[in-house]
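There are two complexes below, and they share chain A, which is joined by chain B in the first and by chain C in the second.
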Partner chain A sequence: MTMAPAKAAPPPVSTSPSQIVGAPSATSPASHPVRRRGVSDRMRLLLLWLLMLLVPYVAPNSYVISLGNLFLINVILIASLNLLMGYGGQISLGHAGFFGFGAYVSGILDVKLGIMPWIGLPTAAVLTGLSALIIGIPALRLRGHYLSMATLGWNAILLVMFNRLIDLTGGPNGLLGVHPFSIGSLALDTDIRQFPLVWLVSLLVMIAILHLLQSRVGRALRAVATNEIGADAVGIDSFRTKLLFFVLTAGMAGIAGSLYVHVNQYASPETFGVNGSILLVVMVALGGSGTYWGPVIGALIYTAVPQLLLDYEDAELMLFGLGMLIVLIAVPSGLAGLPATLIGRRFGRRPS
Partner chain B sequence: MHAGSAILQLLVAGIGTGSIYALIALGFNVVFKSTGAMNFAQGEWVVMGGMISALLFASTHNIGLACIAAVVIVSVIGILSERLVVWPLRRPNALLITLVSIGLAICSRSLVMMILGKKPVGYPGFSEASTLFVGGIAIQTQTLWIVGLTLVFLLAMHLFFEHTIMGKALRAAAADRDAAAIVGVRVETTVMLSFAIAAFGGALAGALITPLTLSSYDQGALFGFKGFSAAMLGGIGSLPGAIVGGLALGLLEAFGSFYISSDFKDAIAFAVLLAILFARPAGLLGRADVVKV
Partner chain C sequence: MKFDRRSFLQLIPGAALTATGVQTSWAAGEPLRVGSILSVTGPAAFLGEDMKAGLQLAVDEINASGGINGRKIAWTFYDAESQTQKALSATRRLISQDKVELIVSGGNMSGIALAMAPMAEAAKIPFISSEGALAIVTPVADRKWVFKSTVDDEDVLERIADYCEKKKIKKVALLADSSGFGQGATTQMKKVGPRRKLDVMYETFGPADTDMMPQLTRIRDSGAEAIICWTVTPAGVIFIKQAQQLGLDKRTLIHSYGFVSAHYMTLAGNAASSILLASLKLPVGDQLPDRDPLKAGILKLFKDYQARFNRPASLYAAESYDAAMLAKEALTKVGGDVSKLPQGLEQVKNFAGKSGVFNFSPERHSGLSKKDIVLVNWKDKRFNLVDYD
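Coming up: the complex of A and B.
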């Protein structure tokens, strides 16, 4: 049960010069500043997203814009998983399953019942959240690996359903004929038309996460991650707090799924397997688990690295695995903490 | 087919697959005990066991020699893996080791693919006669080998953990790292040893199952999940738990696919597994963790 952060070793306070990774606080799910001195995270978020509005103008072709869309969907996925895992210490191995659940709910509503994507998106979010509620009620009462196991099982079951309920899902061939979002008679059927929508939804999700973290429940979540028994002792219902965030983050994955299916106008089961869930956990860790900006880096890696490695064919997997190992061994707290770590070393102080 | 013999037939098949899952679950449990981490590379060692056996069999035409050599080679790979990716961690914790094992799994899989190829490989069973007819049912002789060698391995593991200094050291380090270190146990060596045992068990499973199912580089993840599930089902970290969990999962799959639907085999197995976990969180044989306040 050592994966439960309640039992994790407290971040060691050491200033030994041999310590190359000098940001022990980043490894703890609980201690991290949401507000920093100077520019607030909210300002940075708005600036970064405003900057991203340039993507359609500077992109050399529509393929790059489609990667931009994928990146923003991945930001939603990884940021929501980070909220649960990095801040809450609950490891879900079913996030890609929730992503797929949202995609298939929204896609099937559209293809089989003709319900417009604008209604499909909130429905997908709510139903995905409900499915998390059903899994979470028994699984979150216990500490440790149970959520990991339960979500892994749930994802495996979902994958079988996506593949085998052929009348509904189209089976291994995928769900075809999904319609794009449309505004009046204007269908958002090109990458450049979809970009503003995906941009806006990802911004809203990132703002929601920031608000959650700065709210009372967000502080409760971090308290639960640090010490469940301690949190219970000061009057936090740790079970309800964990459940709330499990349901919320699954709902966010559902939103990402709905965006994905209507942007690509297609969904196929292999996107949503347990391997996908495991990779999402890895991306949270590579970016910086329990940091606000880590998921943006994680999503960048998740989106860009497979593209960069396309030329290497068979060696692609090898390079990806090696890169991952090197980052994990050299910077276990994730890439988001790297600049602060390096600056801290240069000026002989540890980043707070 | 007669209903009674159908049940017997399924029982045999389930015990065969279940033994394989038990071997994988045991490896999973040993690493879990020594590090607290979920080892996602476990399934890759199963694939290596099968594929290296096939490679050696193709050149030596001696199946016993090929399998023994393969299992030894994979055990060494297990030791090297630990030294290369777990040992260098400055501040190892369960989550970090789990994540590192995912990277290890990805690297192992691609190495297997690049060195041993993408084609599924296989070799004949250990006995000349492939099928025996006993009491109206057909039993594959390889299934008997699987069950027999699994039993031998589990017995050896039991003796190792109960009656050797090394085994006791491993258990001591699993129970309390710091206390074990104080009384002179080299905790890092026990982690390495646990990787060796896990790789041995995995490779044995791979060498045994390949004559029945063939082996290919991309099967590792599935083996890993099955082993993980069996370990959870039996009670994570427990040796008898791995056996019970493995057999339960094997039987569930065999009966589920026959009586309900083979398309939904995995879904049924996982659904029952979740139901059992929710009813008995510590697994079938595990003790509940009591957290004292």
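Coming up: the complex of A and C.
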């Protein structure tokens, strides 16, 4: 990555203490003005994803490929949450719930009704989006943290449903007998066969997010995040804008859920708890809230670090937490903002 | 990430050919790679710690006695943190990176073991589960490589039905929690009840509940003579206390094997003396009649476990210990060939473990039976044998 865009933009981070303790998500959209560098971002995206196509060839075993699959699913999850939270300033504490909703919709359609995953995937996206619409209509009319509370509650309700609707979901033991995607008679049931599909879907989602950000509604979203009253004053319907993105990002989480359930051929409730939602929010912040590449870094950490720490057993969670603390204190704009922070430190802050 | 030399060599195209030839061979003297996944953190950790200790004891014992057919065990352990996703990744790692030949224990949560079973099956790697759910090993046609060392809920309920028959009890209530453990029992009771001509009423509660008066009042009014509570959570203590308050302690109160914990009994105080527990034999090992095939083994485990970990051995430690010992027994039967381990296990008959006497067959991959269940009570600060057979 070149340093040019980072230099061109004013350093997004001020190192004053109030910035450090405050939620970076609420402030960063304002500090990331719209940049006309869409073409180069798209090229970088394609290059990065083309590079990732090498994973199956260089991976020493299928375990590493399976981590690649998990990483790409996590990219969809974290990038969609970042769109809502980083660019839109709306914090959802139910993203893991939407992820699970998508997983169970697609999984149940397959197991109970025999509907193929190719139909389950769009259905999961649409139904998850619809569920977000139902929550969003009342919750997004209010300013402040009401969306966080509503989504937190929704996640808790979903978790109870996953656990208690035993006939549908299999209850706490999980949903068994989910089929993988298949092309004709070729079942995508090994890690290496699943990789191209997950790769393609994640690429499409990332392209969609890029286009959304460059579109009129994307600019409207950032305006709403910066100042809702101001956005209303220039003729943006802030409620509709927020609702649209809430529904879209939930739909993306639904897509990730459908991929997850058919790749793993299994789903169980505890994967989709409130803890998971909070961790996703942390990963958005860690990668760089309101930056296009932040979620990729966030997903990399979310996928790789627990695996790397697997050898440390008891210390694992502690090391994970400690690492997050250090990053968020040292680089409050997230790891994607690291180059800018370093440049800012070396050359001092330039007046803009 | 841990890359061993072999996986590193595979990065170089030419070396891949030479490396693949090595993997299938198993020479005597080369260590037997065994993998285990347990949850030693997270909500299920109270089981995981003991199960891990049980495995440690078993592995060290096997290695001290010269290994299995001359091969010592190289043990790889991962913490699943009570999360299925973590366990699934760890399983993939065990199978494709660590190249284990055998998996013992699956996360000490039925949900985790259920998810791991198809993976082990697909990779044709023997998996001996120390988790409870019957669905881990059924249908046997799809679970050729999967076995479990725990008792089936159905057998425990049959054993309780035997006791009810002895006491001429016709009407019982099953008060099960809403977790996988409780739901499993409810499903099984719906089969066992009609078969044993028991009139069963069903009530449920949440694992975090602090009040069971509504359920217990309904049970009291229904005239159920015995009340079976099915949970592993502290809510079971509330059941004991509130049943006493309602005067239900004059009826037969039974807790399942999931509640056999000295800690819980202490919490229940005086009221604990009013209940029976359907348990495996381990907690009353020293009170078993001398003819019991398990007695000597249990006493030895008590001693070894106490000496090593400085705490009394629990049922859970015995379950994982047995899982490892079953692997040894089966491998010895087939001359150490891991690919024949399923056939070896299917030949295991009357194998006295620590939690029970194991009998496997090609039709049944779950080894214990209702004969391994006894009824115990809590008096004088310890479990005491009440009903042996």
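Methods note: the second predicted complex is superposed on the first by the 306 of 352 C-alpha atoms of A that agree within 3 Å, B and C clash if a C-alpha of one lies under 4 Å from a C-alpha of the other, contacts with A are read in each partner's own complex, and residues count from 1 in each chain.
Just so it is clear, a contact is a pair of C-beta atoms (placed from the backbone, for glycine too) under 8 Å apart; a residue touches a chain by one contact, two chains touch by 3 or more.
Note that the structure is a prediction, hence the values are computed from the model and not measured.
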Touching partner for A:Pro306 - first (chain B), second (chain C), both, neither: second
Contacts of A:Ile157 with chain B and chain C, given as first, second, both or neither: first
Contacts of A:Gln265 with chain B and chain C, given as first, second, both or neither: second
First (chain B), second (chain C), both or neither touched by A:Pro60: second
Partner chain in contact with A:Leu48 - chain B first, chain C second, else both or neither: neither
Partner chain in contact with A:Pro172 - chain B first, chain C second, else both or neither: second
Touching partner for A:Leu342 - first (chain B), second (chain C), both, neither: neither
First (chain B), second (chain C), both or neither touched by A:Leu317: both
Comparing the two partners chain B and chain C, which touches a greater set of residues in chain A: B
Chain B and chain C contact sites that coincide on chain A, given as residue numbers: 164, 314, 316-317
Touching residues on chain A, where the partner in the complex is chain C: 58, 60-64, 66-67, 70, 163-164, 166, 171-174, 176, 189, 191, 264-266, 268, 270-271, 304, 306-308, 310-311, 313-314, 316-317
Touching residues on chain B, where the partner in the complex is chain A: 36-38, 40, 85, 88-91, 93-96, 98-100, 102-107, 109-111, 113-114, 221, 225, 228-229, 232, 236, 263-264, 266-267, 270-271, 273-274, 277-278, 281, 289, 291, 293
Chain B partner contacts - residues on chain A that touch it in the complex: 1-3, 8-9, 12, 19-21, 24, 27, 91, 138-139, 142-146, 148-150, 152-154, 156-157, 160-161, 164, 229, 274-275, 278, 281-282, 285, 314-318, 320-322, 324-325, 328-329, 332
Complex interface listing, chain C residues touching chain A: 1-3, 7-8, 10-11, 40-41, 77-79, 81-86, 88-90, 92-93, 95-97, 110-111, 114-115, 118, 122, 133, 135, 178-180, 183-184
